[in-house]
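Taking it in order: structure first as structure tokens, then the write-up.
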Amino acid sequence: MNHFISDNVTGAHPAIMDAVVACNEGIAPSYGNDELTKTLNDAFSNLFETDVAVIPCTSGTAANALSLSLIAGPTNAICAHEHSHVYQDECNAPEFFTGGARVSPIHGADGKLDLGALSASFSRKGDYHAAQPSAATFSQATESGSVYSLAEIKKVAGICRANELKLHMDGARFSNAVVSLGCSAAEMTWKAGVDMLSFGATKNGCMAAEAIVLFDPSLADDAMYRAKRSGQLLSKMRFVTAQLLAFLDNDLWLDNARVANNAATSLAEGLSNKSCAQLASVPQANMLFVRLDVDAVAALEKAGLAGYVDAKGMMRLCTSWRTTESDIQAFLNCLT
Amino acid sequence: MNHFISDNVTGAHPAIMDAVVACNEGIAPSYGNDELTKTLNDAFSNLFETDVAVIPCTSGTAANALSLSLIAGPTNAICAHEHSHVYQDECNAPEFFTGGARVSPIHGADGKLDLGALSASFSRKGDYHAAQPSAATFSQATESGSVYSLAEIKKVAGICRANELKLHMDGARFSNAVVSLGCSAAEMTWKAGVDMLSFGATKNGCMAAEAIVLFDPSLADDAMYRAKRSGQLLSKMRFVTAQLLAFLDNDLWLDNARVANNAATSLAEGLSNKSCAQLASVPQANMLFVRLDVDAVAALEKAGLAGYVDAKGMMRLCTSWRTTESDIQAFLNCLT
Amino acid sequence: MNHFISDNVTGAHPAIMDAVVACNEGIAPSYGNDELTKTLNDAFSNLFETDVAVIPCTSGTAANALSLSLIAGPTNAICAHEHSHVYQDECNAPEFFTGGARVSPIHGADGKLDLGALSASFSRKGDYHAAQPSAATFSQATESGSVYSLAEIKKVAGICRANELKLHMDGARFSNAVVSLGCSAAEMTWKAGVDMLSFGATKNGCMAAEAIVLFDPSLADDAMYRAKRSGQLLSKMRFVTAQLLAFLDNDLWLDNARVANNAATSLAEGLSNKSCAQLASVPQANMLFVRLDVDAVAALEKAGLAGYVDAKGMMRLCTSWRTTESDIQAFLNCLT
Amino acid sequence: MNHFISDNVTGAHPAIMDAVVACNEGIAPSYGNDELTKTLNDAFSNLFETDVAVIPCTSGTAANALSLSLIAGPTNAICAHEHSHVYQDECNAPEFFTGGARVSPIHGADGKLDLGALSASFSRKGDYHAAQPSAATFSQATESGSVYSLAEIKKVAGICRANELKLHMDGARFSNAVVSLGCSAAEMTWKAGVDMLSFGATKNGCMAAEAIVLFDPSLADDAMYRAKRSGQLLSKMRFVTAQLLAFLDNDLWLDNARVANNAATSLAEGLSNKSCAQLASVPQANMLFVRLDVDAVAALEKAGLAGYVDAKGMMRLCTSWRTTESDIQAFLNCLT
């Protein structure tokens, strides 16, 4: 099986599964009124060192689109990187959840929003003929495998604040970015000017659990109605909550991300010794991009280990909390 | 804890949980491309004795609204019982998923669509000023605890077909209805004229698993894009699939429903011997409605065993696959 | 030709047409930046004796739906009479413009909202499973030909205010109602608690001109973007504005409505002398409902003068600013 | 007053106004059931030499967005030039009318779709994570003042057909393009592979009248419900129809466009003799772009004759059916 094609091919971490099994004891009020879910806001407030409101979701697409619907209405625009998951891979979910907001593609190197392009997208402020930008979203870590520095996040946030946009972080790989920067969850989010976060847990060890983290808890009420309306308010919510709590418990989220990031570094080092491979850059999180000779691609495909190859001929490789040194060696051994 | 307030307070049946744990072995392609999910259409086709396409969902609201979006566009109307979950309890999910279709409330005794009222709702066919009915939905079992007979379903379906409406069944309690009628899944659906089904599994023993069953598999492609767009296409889909397959396996779905239905019958019998209680009707599935004396309500509330009381003073009581004879006795013992 | 089938079969009043022709002189900035349109807010503020913002529209459906979109979001409900134009005759325009709000039908005699039913519709406040009412709309004059008294409007408005709903008035026949009550435009709207108004002009003498009147001018900005988005921001807006200004000029709107209302009274008097006719009630505005013998209906149909007959066998007859005494006599002469 | 800032600053051509006045005689059935509107399909079918269905609209934005909603659903993408009116100047109207389709920006020189970029936008066919292109739209004449040749249209249409996309033409300046190419309306549309057209009449001499022309008349029914739902089905439709019919009558549309195009040519010739001016290209329709010295811009602004200046410093100048030789001379006289 292909370990490197995505970080979502892994199953659930044993500790996550144990928590799910454990929470099955007895009966519990439905729709998030159970005792476990009632602790969710506190658990995340503790992690983020400030009062937050949490809306559990079962997919990252739902978490992103629902978040954006809180800060962009149907006559607004949402600034997003042209290669972002939000713009490329959610089949109009942002348009759906917002009731028709425009997602405006912003270019930028390394999967990061170009600050000049971001600013330029505000040039028609007050013009009734143009959707008004009210929100920006960026991925941390990015879909290009890079990680915004805290200073970079603050610059994006500063531009947003100056132009009255709210800032959303797509944290499908939040854990990997925190480990990469060696900072706190708070530092990488609200302390840097982020207004809301899709806190990803599925890729990094859960079954199906994401959390919208609202640094402005007053948005929670609107979010709850929208969660219900979009089918995200599960009757047996405790099974999602249990995953999220176990994910935070004992820093499992950080431990798992550390394994994944280290695996990416290790894989990159191995590739750097191969003449058939040309790394795009040093991986900062759990993803790397490499240009491979034709023979190398063929060998990987034969072994069922090839990653996606993009239009520019770069192969994407993902590592995960489950990647082992022997997985990496098996991969490298395919290459001469 | 209150066992009778809803059938969604129960957790997961052990066999479901075992299946979830079991499917966690190894890695698997994401977004439903795993080996387990590939068998889903076959498993349901086998159950329904015809080729069907299945779209897994994580909530009944999503399953209903996504289903309806396949058969009702934004200038259409959807005929639904005025007391149905679709009309009352989904916070505009049908309007959301369909892009603004009208849900037209239809009255009718026992939670069932009145055939005359249904027909009357088609009176403005071809009038550009009125949303055109293109779909009808009904719940089986109903939210009033009743069950449509096969003949009744055929009548509803006949009216729909004659007026070019597609017919959706909200089967949140599908299992309970099948057990109640003693018929096959096929007989209660496509053989009676039903076009699509929200096959409910969560209430009857799963964690979070519902299946849209399309008796016209050509709709599956549209449904998949809509599933993705609404955040229902899970990356680790196998965890939902595993629940659904285990639910079907060895007729667990029927066994569980039988327990629930029998518990309702047993509870009703017990109540019929209480002078403080007046049953609305003989329960047909796993729900019953009872009018209780003030003292009786107070006693139940004190014991934490009261069900919802509606505007007309009727208390709703649900039973489940987990309800035991001792649960029932504890309830009855509260009443003098 | 059938004069009585609707008040929108008439063309434009000569004074309106003259104004349209007159405003065609020279060139003018587009999209409402012309000198004429700049005076629109002042003209309506003068009429309503308070600062208002005006959004011109080309149809009543657009005016109603756009108005409602300012006060009801996609997880909200809008309370409307079950026989209202908004609920019956706009082919899901409210759902469309609001992004999926529910229009909740409220019953009530004479086309007026029943206060108890209105209040009952708020019973699920704070329940995430139910769309939350945020707006109510009522028609003045109503589609049943009745007119709310000022006291009645204040009662509706009081209930709305107490429950944090905004109140919209569908004034397709606003002029007729003002004439009927003999009050001022201010008294019938904001002084009675109305938050916004679809001020109808088309039926009463314009070609295609309606005005959304916002008693809270801070909503104008949102409304303008929504107007553009829905295709209501005309490039040559002056042609709509000219109609609205001429409509207000010299109280043309009141004069026209007086003709129409008097014609209805006159027609009703004539009908009250016919044994074949049974009036539903004394007309209060420019519409009346009458039950006619089969022969009478046939005679009218033969003469091309029959109005719409509803499901209960009542024929609706409308009068207009163009209805003459001879039109009325021609109608009555058909009846023996 | 500034004649050159846009072709929508002009009022209505006298013949259009005469037709509007003339159609005001007597009463007429509403909502397009009048005798005039009944001839609309025939008039346009005659013009286009094939059976077409026509939906009148009151703005170009409505015509474009409503058209696109017929061929792009909420999980689809619409390919449009990145500088097109549809993408830039309609404040999310396409997203609104389609229920959330993505408008995918396609680059290309001279305001025309680059064929390679268009083809590249189809690369994710069948991928549930990406909105599926189902429609393309292009402007004829373009917003850059250029005109697609018939061969160019056929190429775009060929690519669309090969990829199962429907092709919409935004003909806000349709007349100018037909005159420019010297071809027939049929040759420039369905004979070249265009599926539907927003036929613009407002800019070229009407008050507020656009026509959606459907070369597949079977779409008319869906279009009518959508027209009603969006407030485009006017009660007194004859006033729009009268404009459209007068516009076609005696080839007024062609005569007007010829005046406008010739004025652009004349203006360009005048500018080519000015050392302060550098034309972007020879105008093909009624728009031209010119780079002017700072002093020249200042002089025009002082005289109130400056056009819009874009981000690249090019001034846009529009001519119209009302532009006279003396208007042009007045403009040129401002420049030394």
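Some observations on this one:
The letters A, B, C and D name the chains in turn, as written, and every chain counts its residues from 1.
Here is the rule we use: contacts are C-beta pairs under 8 Å (C-beta built on N, C-alpha and C of every residue); 3 or more make two chains touch, one makes a residue touch a chain.
Keep in mind that this is a model prediction, so the values were computed, not measured.
Using the average of C-alpha coordinates as each chain's centre, A ends up farthest from chain C. Counted by C-beta pairs in contact, the busier of C-D and B-D is C-D.
Between chain B and chain D, the centres computed from C-alpha atoms are 50 Å apart. In terms of their C-alpha centroids, the spacing between chain B and chain C amounts to 42 Å. The centroid of the Cα atoms in chain C and the matching centroid in chain D are 33 Å apart. In chain D, the positions touching at least two other chains are 31, 74-75, 90-92, 96, 99-100, 128-129, 131, 225, 228-229, 233.
Taken together, the touching pairs cover every possible pairing of the chains.
Here chain B touches chain D in the complex through residues 31, 74-75, 99-100, 128-129, 131-132, 222, 224-229, 233, going by the rule given at the top. In the complex of the two chains, the chain B residues touching chain A come out as 1-3, 5-6, 8-12, 17, 20-21, 23-31, 57-63, 65-66, 90-93, 96, 202-203, 207-208, 225, 228-236, 238-240, 322.
Across the complex, chain C is touched by residues 74-77, 88-92, 95-96, 99-103, 105, 123, 128-131, 311 of chain B.
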